[in-house]
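After this come two complexes, each holding subunit A, first together with subunit B and then together with subunit C.
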Partner chain A sequence: MKTTRVPAAARARAGFTILELVIGLVILGLLLANVGMVLRSSTAAFEAGALSGALENQLEQTMDRIELAIMSSDGEDLAPSAPLSASIIDYERCLGVEDGELVLDDPERIELVLGSGQVVWTQNPEAAGERRVVWTRWVPEYLELELPNGADDNDNGVIDEGGLAFDLDGKQVSIRLTLEREDERSTRYARTRESRVTCRN
Partner chain B sequence: MSAEKSGRRRGSALIASLMVVLVVAGLGVAMVQVHSAVTRKQVRAIDTKRAFYVAEAGLSEAFMALSYGKSGIVADEDVPARFGDGVYWVEATELADGTVALISNGLCGSGRFSLAVVVATEVSPMTELGAFSGRTLTVHEGCVVDGYDSSLGTYAEQLPPGEGDMGGGARIHSNSDVVLFGDRPGSAATVQGDVHPGPDGQALMGSAVLVTGSTAPVESAAPLPAIEVPQLESHGDLLIDDPDRPLVLARQEVAYDRLTIAAGATARLDGPLILRVAELIAQPGSTLVLDTVAGPITVICTDSIALHEGSKVSCPGQDPTSLALLIDAHEPEQGDGDGAGGDGQPVRIEASGDFYGFLYAPHATLVLPASLRFFGALAADRVVLASGARVSIDRARATARTGLEHLPELVAWHIVSLPDTPLVKLRLDPLGQLALQGITPLETSLAHKERNINIKYFDTTGILRLFTGAEADFDWSAVGVLVAVDWS
Partner chain C sequence: MVAVAILTVCVSLLSSTISSTVAHTAVRRERTLALVAAKNVLEDMHKADFGQLFALYNHEPADDPQGESTAPGPHFEVPGLTARAGDSDGFVGEIVFSTPAPPLLENAQDSRLGLPRDLDGDHVVDGEDHSTDYIVLPVSLRLEWASRAGDGVLELTTMFADLSKP
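Let's turn to the complex of A and B:
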C-alpha cells in the first residue's frame, strides 16, 4: 500500500485566505446586523404592544369604575350642574332604601389632578375621614387632539376639554378620558374613550 | 485527523445561530405571555360588562312582570333563565312600605354582576296625591278634609268614637297655591293632614283655618296624565225616563252619545262595567247608582257631565278603589255656547249622596259641593271644595287601578354583592357548567314564577269573558279592555 505524504510547507499554508476571511466577516456582519435589527424591531414591537395593552386595560378599568359610580348616583345631586363641562364631578352613590327613603353613601368625587396627571377618587372630599385612591395616571392636561386654543380641535362638540371631561345633560353624563404614555424612544401612545351614562336614581 | 478537525469547526455557526434563535424565541414567548395576560384581563373585563347587561336585562324583565301584576321573581339559581350567552335570575322581596326589592344576578363567561332596584308598584301618579289641583286649589269655609284607609274597613268603622273626623290622613296637593278660607273659629276650613302647594306656590290660610300636617311646597309640579278613551261603537242617545223601569248596565263595555236620567228615573251601573259617554246628565230628582260590589266600574265622560242639584248618587259597595269617574271634558273658551251644565261649564257635580271613588277631570274645574259626601281621591285642572264639603281621602286608593296608564316607579338602583352560590363562585362559563349538570336554562318567557292566569276582560267585541289557565294558552290579542287579572 502506497501512502501520500503532505509536505510540511503545504501544512503551514492550511487556513483561510484573506479574501475568505473578508467574505466571511462581511457575511457575519450582515447576519449580526440583521439579527440586531430583528431584535430591535421585535423589542420595539413588544414594548409598544405591552404599553398599548396596559394603556387600553387601564383606560377600560378606569372608565368602568367611573361609569358604575355615576350610574349608582342620584342624578339630581350631581355637581357641577348641567350644562357645564368639567374635569371634576361630585356625586352620592345610592345604597338602597330604608323606611321608604333613599339611602345615599358618603359624598364622593372623581377628579383629574393636573400636574400629576392622575384621576383621583375621593370619599368625603375636604371633610373629616377623607379617603383618596388614585384610579389611574398618565392623563394629559387636554383630551386627545385637543389644544388650548378656544376651538373644538377634536370635533366632539366641546371646547378645550381636559384629559378627563364630564359633560352633564340632565341625568345623563358624557365621560371622556385620554391616557397617554411615552416609551424610551419618546414615541407617544394615546388612547381615548368616550361613553354616556344615565344616573339610575 | 484533518476530517475530525473540520467536523468540530462546522458546529460553531450552529451554536451562534441557535443562541440568536433562542433569544428571539424567548422574546416571542415573553410577548405572547404579556399579550395573553392582557387578553385575559380584557376578556374578564368584557365578561363582567356583559354580565352587567345581563343583570340589567333581568331587572327589566322583572320590572315589566311587576307592571303586569306578577311578583317579579324570574327563574332561580338552580335553573336560571338564559339571555344571550349568559344566564340570570331575579329575586323579589316585598318590603314593609309596600315597595318591592328586585335583585338580579347576571352571569356571562367569567363575569358576574348583581344589581338591585327598589320599585314602588301600582303607584298612581294622581291618586297618591289625594286631592290634587293643576292650578289653585280652593278650600272654602266649613270644609273638612281628612283621610282613612279603605283596605282596613269602612270609614264609619274606623272613625274614633265621638269624633266627627279621623283627625289625620288628609293629603292636598296643588301645582300652584292652595287657598283655605276661614277667619271665624268653628266655621273655618279644616284639613286633618298635609297641604302641599306647588313649587312656586303658597298655602294661603285664613286666620282660623286648621291644618294639622305639613304645608311645605312640593319640589316639582305633577303633570295631569291624559285619559285613554276606549274605542267603542256608540249606541247613540239614551233617555231613561220611566220611574218604574230603572236602566241597569252591568258586566259589559258600552258607549252612548248622551245618557240622560230624567226626574224620578234611576240608572244603575253594576260592575264590572266600562261606560263611555259623551254627555252624562242626571236631572233633578233622578238617581244614579254605582254598584261596585261585583266588580270595578270605570265611567269616561268625553264631553260633559251634569249631575244637577236634586239628583242623587249612591255607591252601595263603599269601595273607593273600584270606581273611577274620568271626565275628559275641556273648559270652554270665553263666549262658547252652553255645555250640558247649562252655564258653559262642562263639569257640574251638584248631586247629593255619597261618592266612593276616583274623580278625575284634567282639563276642567271640579267643584265639589257640600251635598255630596266624598270618599277616595280627586284630581282636576282646578279643584274647588265648596263651603261645607266633606272629603275623606282614601290612602288605599293610591295603589288601586285608576283607569290611567302608569308603570311601577323606580325608587332606587344600586349595585349589590354577589350571592354566595356555587355557580357564581366558579368563575367559569355558566352555560357550560349547567350543561355538565344536565340543566337547560329557561327561556325568559317561561322563567317567570307565575305561569297561570285568572283574567276577567272584555273581548274585542265587548263581551265580558273569564279565563283561567296557563298564560301560554291565553290569547292576549282577544282582550279589548282588561277588568281584572290574577297570577298564580
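Let's turn to the complex of A and C:
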C-alpha cells in the first residue's frame, strides 16, 4: 500500500478546513446573536427604567405640591369623605393671623381634568384674575387597579376613585394619584402614590 | 480564543452593570416607600390631640386615652417593605420618644432627640414625669427593613410643639 507523507513545513502552512471554518463561524454567530440579545434587552431595561424613573420623579414632585398646598389650608369642607372621593378640591391657604382671625389667601383649586389627563392648579377659579398651571400630565381616568364598577377593586377603602382622588377624614385629607405612560412598545407603566396630609389650620 | 475571552469579559461587565442598576432602582424605590410611610405617620400624629401624643404612641398600653390597648402604639407597618428577619417586634417602623413609656423625662440623655431639654416650658430641666404637661415633644421615626442591598434604614427626627397662647 502506498502512503503519502506530508512534510512538516507543509503541515505548518496548511489553512483551516471547510468544516473548521463552518464550526468557527457558527460559534461566532451564536456569540454575536447572544451579545445582540443582551444589548437589546439591556436597552429595553434602560428605557423602562428611565421611563419609570421619570414617572416617579413627576409623581413625587406633584404630590409634594399638592401636599404643601393642602397642608397650609383651612381644613373645613374640603371634599367628601370615604367611601366617596373627589378629583377636585377647593381650598384657601392661610397667610397668618391678624387680630385673632385667620387671614386667608385667594381661593385655589386642584383638579383632574378628564380627557387631557392633567392635574391643574387654579387660582381664583371661575373668577376675575383666574390663573391656571398644569402640574402634571399622564393621569388616567381611574386610579391604578380601579374599575368603574361600583366596587373597591384596589382594596383601599374608596370606590371608583379617579386617577387623582381626595377624601377627607376630619382635618386630614388622603391624596391618591396615579401616573401612567406607554413606551414605544406599548408597554404601560403606572406609578401610584397615596399620602395623608393634616391641615394645619 | 483571545477574542472570545475579551467578548466574555465585556458581556459579563455589561450584565453586571445592568443588574447593579436594577438593584439600585429597587433600593431607591424601597427608600421612597419608607419615606412616604414615615411622612404619613407624622401626618397622623399631627391629626391627633397634641396632649395625647405621648400616650397614643408610646410602648405603654395602659395609658391609652380611650382605654387599654386602644391606641396605635409605637410600631407601624409599611406596605411594600418587609421587616428584617431578626426584628424583635416584626414591624418595619417604630416611633421613638426620649423614654419608651411613662415617665417622660426631660433629663434623659439622648442627643439624637436634643435631650436633655426643657419639655414643659418652665425653664428647668428636672427629673419629673412630663407625660401630661409637655409643650414640646421630640420624636424620631426609625424604619428598618430587609432590602435587596442589605438592610435598609431610615430615621426622621422632628419635634411637635404646642406653643399657642392660653
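We take it that the second predicted complex is superposed on the first by the 171 of 201 C-alpha atoms of A that agree within 3 Å, B and C clash if a C-alpha of one lies under 4 Å from a C-alpha of the other, contacts with A are read in each partner's own complex, and residues count from 1 in each chain.
Following the convention adopted for this analysis, a residue touches a chain if its C-beta (ideal position, glycine included) is under 8 Å from a C-beta of that chain, and two chains touch if they have at least 3 such contacts.
Just so it is clear, the structure is predicted and the values come from calculations on it, not from any experiment.
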Mind checking the superposed model to see whether subunit B and subunit C fit together on subunit A or clash? clash
Is A:L95 in contact with subunit B, with subunit C, with both, or with neither (first, second, both, neither)? first
Looking at A:S72, would you say it contacts subunit B, subunit C, both, or neither? Reply first, second, both or neither. first
Just checking: does A:V35 make contact with subunit B only, subunit C only, both, or neither of them? Give me first, second, both or neither. both
Which of subunit B and subunit C A:T198 touches, first, second, both or neither: second
After the superposition on A, what does A:F16 contact: first (subunit B), second (subunit C), both or neither? neither
Of subunit B and subunit C, which one touches more of subunit A's residues? B
Once the structures are superposed on A, label A:N57 by its partner contacts, choosing first (subunit B), second (subunit C), both or neither. first
With the touch criterion stated at the top, can you tell me which subunit A residues are shared between the subunit B interface and the subunit C interface? 35, 38-39, 42, 45-46, 49, 53, 56, 60, 200
Sites on subunit B touched by subunit A in the complex: 20, 23-24, 27-28, 30-31, 34-35, 38, 41-42, 45, 48-49, 95, 97, 99, 101, 116-118, 410-415
Complex contact set, residues of subunit A against subunit B: 35, 38-39, 42-43, 45-46, 49-50, 53-54, 56-57, 60-61, 64, 68, 71-72, 93-97, 99-100, 102-103, 200-201
Subunit A partner, complex, touching residues on subunit C are 4, 7, 11, 14-15, 18, 21-22, 25, 29, 32, 36, 39-40, 43-44, 46-47
Which residues of subunit A touch subunit C in the complex? 31, 34-35, 38-39, 42, 45-46, 49, 52-53, 56, 60, 170-172, 193-198, 200
